[in-house]
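I've put the structures underneath this note.
Next, two complexes with chain A in common: one pairs it with chain B, the other with chain C.
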Partner chain A sequence: MSESGPSSHSHLAPGTPLCAGCGGLQALQQLYRVLGDKTVVVNAAGCMTLLSIYPFTPFAGSWLYTAMACAAAGAQGVRDALDIQLAKGRISSAEDLATVVLTGDGSAYGMGLSATSAALDRGLDFLYLCYDNEGYGNTGHQYSSATPRAAHTATSRVSGYAGSKKDLFAIWAAHRPSYVATAIAAEPQDLARKVKKAAALRGPRLLLVLAPCPTGWGFDPALTVKVGQLAVETGIWPLKEYVDGRAVHTKIPRQRTPLAEYLRLQGRFAHLFSPQPDEQRLAELQQAVEDYWQQVTE
Partner chain B sequence: MTRILLTGNAAAAWGARLAAVDYVPAFPITPQTEIIETLAEWIDGGVLDSRLVTLESEHSMLTAAGAAAVTGVRVFSATSSQGLLYGMEMLYNLAGWRAPLVLVNVSRGLSAPITLEPDHNDVLAARDSGFLQLHCATCQEVLDNVLLAYRLAEDARVRLPVLVNLDGFYLSFTREPVAIPEPAAVADFLPPFSDCGLHFRGGQPSSQAVAVLGGGLYSYFRYQVHLAAEQAAAVYAEVAADFERRFGRSYPAVEAYRCKDAELVLVMIGSFATKAKAAIDGLCAAGQRVGLVRPRLLRPFPAAELRRLLGHRKGVAVIDQNLSPGRGGILHTELTAALYGLPQGGPLLVSFVGGLGGRDIAEEEFVQMVEVLRQAVQEGIAPPPRLLFTEEELQQVRRLQDIAHGRSEGKGEGEETS
Partner chain C sequence: MYRIRLHGRGGQGIKTASRILGTALFRSGFEVQDAPRYGAERRGAPIFAYVRADDKVICERGLIHQPNLVVVADETLFDLPAANVLEGLDGRAVLLINSERSAQDWCRQLQLPGQVTVLDGAAVVREAGRVPAGALCVGAAARLLGVVSRRALLQAVAEELAGHDAAAIQTSQQAVSQAYELFAGEAGLVQRLQSGAKKSVTTPPKWVELDCEALPRAAPTITMAATSALVKTGLWRTRRPRIDRALCSRCGLCRTLCPEGGIDLDGEGYPVIDYRYCKGCLLCAAQCPRRAIAVADERTVSPPQPKEGEP
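And then the complex of A and B:
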């Protein structure tokens, strides 16, 4: 393996059936460069399930598809089986693998939350990558509990999602795991630092990555990075990490770009601007961002 | 060889202990809980070198079980009733993963209404999952079947998960004398876990349980599970013969009791078959020619063996301890299919449903069912399926309904007197 660049052991092979401009795949690519092939990726039903379609896989390492609710439980079984074999001397430490859970927000925020919470209780040694595209993307982008307020989805087509995005970061942090971080591929240095940090730790770790989704959010795939940058610059996607019992923001956008600039690029928010701007709702959404940052001290 | 009094649950735990299982993902549910409590105590006490992990649900429990098995260790788990159904999605997955593990199910009636006592709707809901099924009637059989199940599951010609079923309360909490085989003898019978080359290891990347596109590929893998399950019939016969040679206990795929000259035969699975045997003893003593056939192996379905044992009888009564609403007894349906189209025409089949939610089947009811069968054979017409229920039970229900509706006792609905 070369030190200067990604090798076949740590690079996702091209040619996956994921959508052009997938913000989740960008993040997975970065994660895989650090973790490489000595991994079992345990997957729950979602867009990324389509990465491994018999007989092809972009992964140099191993893969286990489970079901929508139970990737964390699958990781438990894999981790325990490896530990048992290590303890009984049936495999060497060179044959050990890191256990990585890979799910979308539908599983991470909803159906899989019970299994995940229990894995955290048990202090399972695993790294969870959630690509959060803020809806049930693989089924045509219906709203999930990760969908932001007012977003149009396939099941909120008239006036937008009436709920608010669930705070999965806080839910994880409340379990006092080893590490929790939000990230986005459009901020590659921040993401790379967090990936390395997470990979070096043991115990339960979450990388909650906002995954701009051209298909579900309604923007040109060429704008994935732009949309991601605006998510950070407007302050609607705070970059932070929880480690050693403390949550710290890794980037505080003090001069925040108006939220409307982020919303305007996306078809899912077009109803807020056309036929005429919905000033009241736009102001409410902006206020929610202001309220969040008001309480941030570090 | 030690012989001690054990509950069915303890016998199941002994089976797992003697199989030297590596991993026990667990979740408590009545009436199964004693199994995992027993194993937990042995593991904590250092008697059993294994790891027990309590998951937060049976769905997760089965996921962890399957994931560990395909990573490369011997896995045991146990559940019951609602738990089996809660994990149902993963039963199908684990069979598709070809995860060679053993799952004990302690049968219990399904909600609603929620209850604790047994019938077989839970385990029969798993009938089409791809898990093989072994059904027990005694505590000894529970222990021995767990050992047989591992041989079957891990055989390279099979490599499928196996479900061992015992009835809640009637076996789970009933103590019977059980011979505990010597660990060394079990180790000879059951070699160390073989993963057949399917595992997760550093340096040997593999993708398991991946998606397929298109019905052709999907059909191929599903047919593989079916063919492996069919192949398991011959493997079971081999394994049972080997077990008998080593331990002296015989477990044919289908048990035939007093069938030699029997004209009429009852068919049942599970522990209530023991009640049938007692009734048959009485009938035979009175000069009747009645026997019992009890499938131990339900998946793969021992159709050929059942045709051999039943094809030439005059009449067969299937007593189903389950109910498919709108259809009737599930075993009756399966047996009808197995006996259809025999050159000699086959026996007259009569269907009974009883023992739901642990409802007893009394000896006189067995006698009555044989009488109904005899009558049907004489007339050459099968009567409509019968749901066992007595007048006395109905009166009891009416009394409870009176209480539920706040009526004075004895004035049940539609039974007002002036």
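And then the complex of A and C:
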């Protein structure tokens, strides 16, 4: 790699200020290898905003910052501008760029949902990447509506988050978009296949990636992949996709690992295990996973 | 007034350390301010926090530019100019370093006018158990101030760690107390300075005129691709992954999984770690199916400053 940047334009350059072992950055590395620099990344405030701090950026292609609520509206502006340039013959279709939204769960599940829903109504041609670290990571990990039940966050300190994780996959699917998928960087092949599929389609598309966050979840950065694998093996993070009006699981963990093995690795759930294991709450959390898979047929 | 700055890296408990010290001073009857610097509380990244304490209302705000005590929980920060560890250290200030090296050694290296004292945190941890560097330093710092009783200090530890399990709190208290004891001979070394606003010593920035675009489009624009490669995040690393080619099967998994994009393949398909950027998360070592990635303590394998293009 030369001082002026990487020779290849299809990966994210190193040197970013994100935490060591960041599961979100790990996913973005894998995604960018497929998407490449012929993209405009529209990024709402969150940890990933720190990627591009003037004058540094890891992106080989374009990047634009928006406020937390408006990434999807920003994407509309970018798409419209490109379409006008195309219509006026100022750029050729070979020079066209894909519009990619990049936000955390705080935006995707909460603050930005209204603008996103409106973009879905309009059938905006864009790919939405949400790295879901289940909290407001950038500001010290307060809870968001993606925070799982019982997790400790900076704003749910005493006995953990009292709400339940919102089902963003279902909310998106209810809009009947072109594509919705969940993924995780710990399953790189599944992730790569889904990005390729999403990139080849037109219209509104969502890739919802669970992003194990050593800092906010409280685990050693070396365990990022282990935690991600357990999220899949315990069944708490189902891998699935919605396409042509149907939701299909891409991996069904038939022999599910007990959820406690996933929870135990993370400081945010430590209160469920000590001073004594909170058997009742652990059983409730396990039951919620069972209930989910009970209704899964494909 | 006491003006105390604590430096460390994200993950070393610097924010908690500043809170413990603040609470201990409050319990000792002082007016107190404590705050971490907001924005960069990322694991491995330099971070600082500060504490002010006085016997009257504190009207001063903002960063501390003229400290009377500077605590450095991580000695590798001296190699990072951006960490600004030595800012405002004058002849009266005390510098406390968490290090196995001697104070004389540091004095010689740093050539400072003030007093340097050293806490061998590693030795305390060996005896008392694993405790974040920040907390250890607080034990020593409290004694250096000479106005915080052991009781107030230990109560502050319990208060600030409430929510952690009892065993962890006890280990912390033991370690903090041991660090406090080690500094009995230096109790009160830190001199209280006159309160009252000092003249600001912030030097105005040297403005550089940048060419900018026409006003309607004058947001800062980066037109060069992938400039972050100029930032050498390898400096964050405290432990180093090392690939053993004899064991490696060239499956490429470590390259796919590295969050930093810090692993490339050589001509023969073997992975090569770029230590200029590797942050030392060690997930590659944890995941390698052949156990071909070993882990070494960074200090034993290289000087603190990684060399350009180092393999």
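Assume the second predicted complex is superposed on the first by the 291 of 298 C-alpha atoms of A that agree within 3 Å, B and C clash if a C-alpha of one lies under 4 Å from a C-alpha of the other, contacts with A are read in each partner's own complex, and residues count from 1 in each chain.
The criterion applied here is as follows: a residue touches a chain if its C-beta (ideal position, glycine included) is under 8 Å from a C-beta of that chain, and two chains touch if they have at least 3 such contacts.
Being a predicted model, the structure only gives us computed values, none of them experimental.
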Fill in: Touching partner for A:S52 - first (chain B), second (chain C), both, neither
both
Worksheet item: Is A:D37 touching the first partner chain B, the second partner chain C, both, or neither of them?
Response: both
Worksheet item: With the two structures laid over each other on chain A, which partner does A:S117 touch: chain B (first), chain C (second), both, or neither?
Response: first
Fill in: Partner chain in contact with A:I84 - chain B first, chain C second, else both or neither
first
Item to complete: Considering only touches as defined above, state whether A:P214 meets chain B (first), chain C (second), both or neither.
Response: second
Discussion item. According to the stated criteria, A:A60 is in contact with first (chain B), second (chain C), both, or neither; which is it?
Written reply: both
Discussion item. If we overlay the two complexes on their shared chain A, which of chain B and chain C does A:K226 touch? Say first, second, both or neither.
Written reply: second
Discussion item. Which partner chains sit in contact with A:V248 here, chain B, chain C, both or neither? Use first/second/both/neither.
Written reply: neither
Fill in: Residues of chain A that lie at the interface with chain B and also at the interface with chain C
37, 52, 54, 57, 59-61
Worksheet item: Which residues of chain A touch chain B in the complex?
Response: 37-38, 40, 42, 49-50, 52-54, 57, 59-67, 69-70, 72-78, 80-85, 88, 90-91, 94-97, 114-115, 117-118, 121-122
Item to complete: State the interface residues of chain A toward chain C in the complex, per the touch definition above.
Response: 1, 3-6, 9, 11-23, 25-26, 29-30, 37, 51-52, 54-61, 140, 157, 185-186, 188, 214-215, 221-226, 270-271, 274-275
Worksheet item: What residues on chain C touch chain A, complex-wise?
Response: 10-11, 40-45, 163, 165-166, 220, 222, 224-233, 236, 256-262, 264, 274, 276-277, 279-283, 285-287
Worksheet entry | Interface residues, chain B side, partner chain A - complex | 22-23, 25, 49, 51, 53, 55-57, 59-61, 63-73, 89-90, 93, 200-213, 217
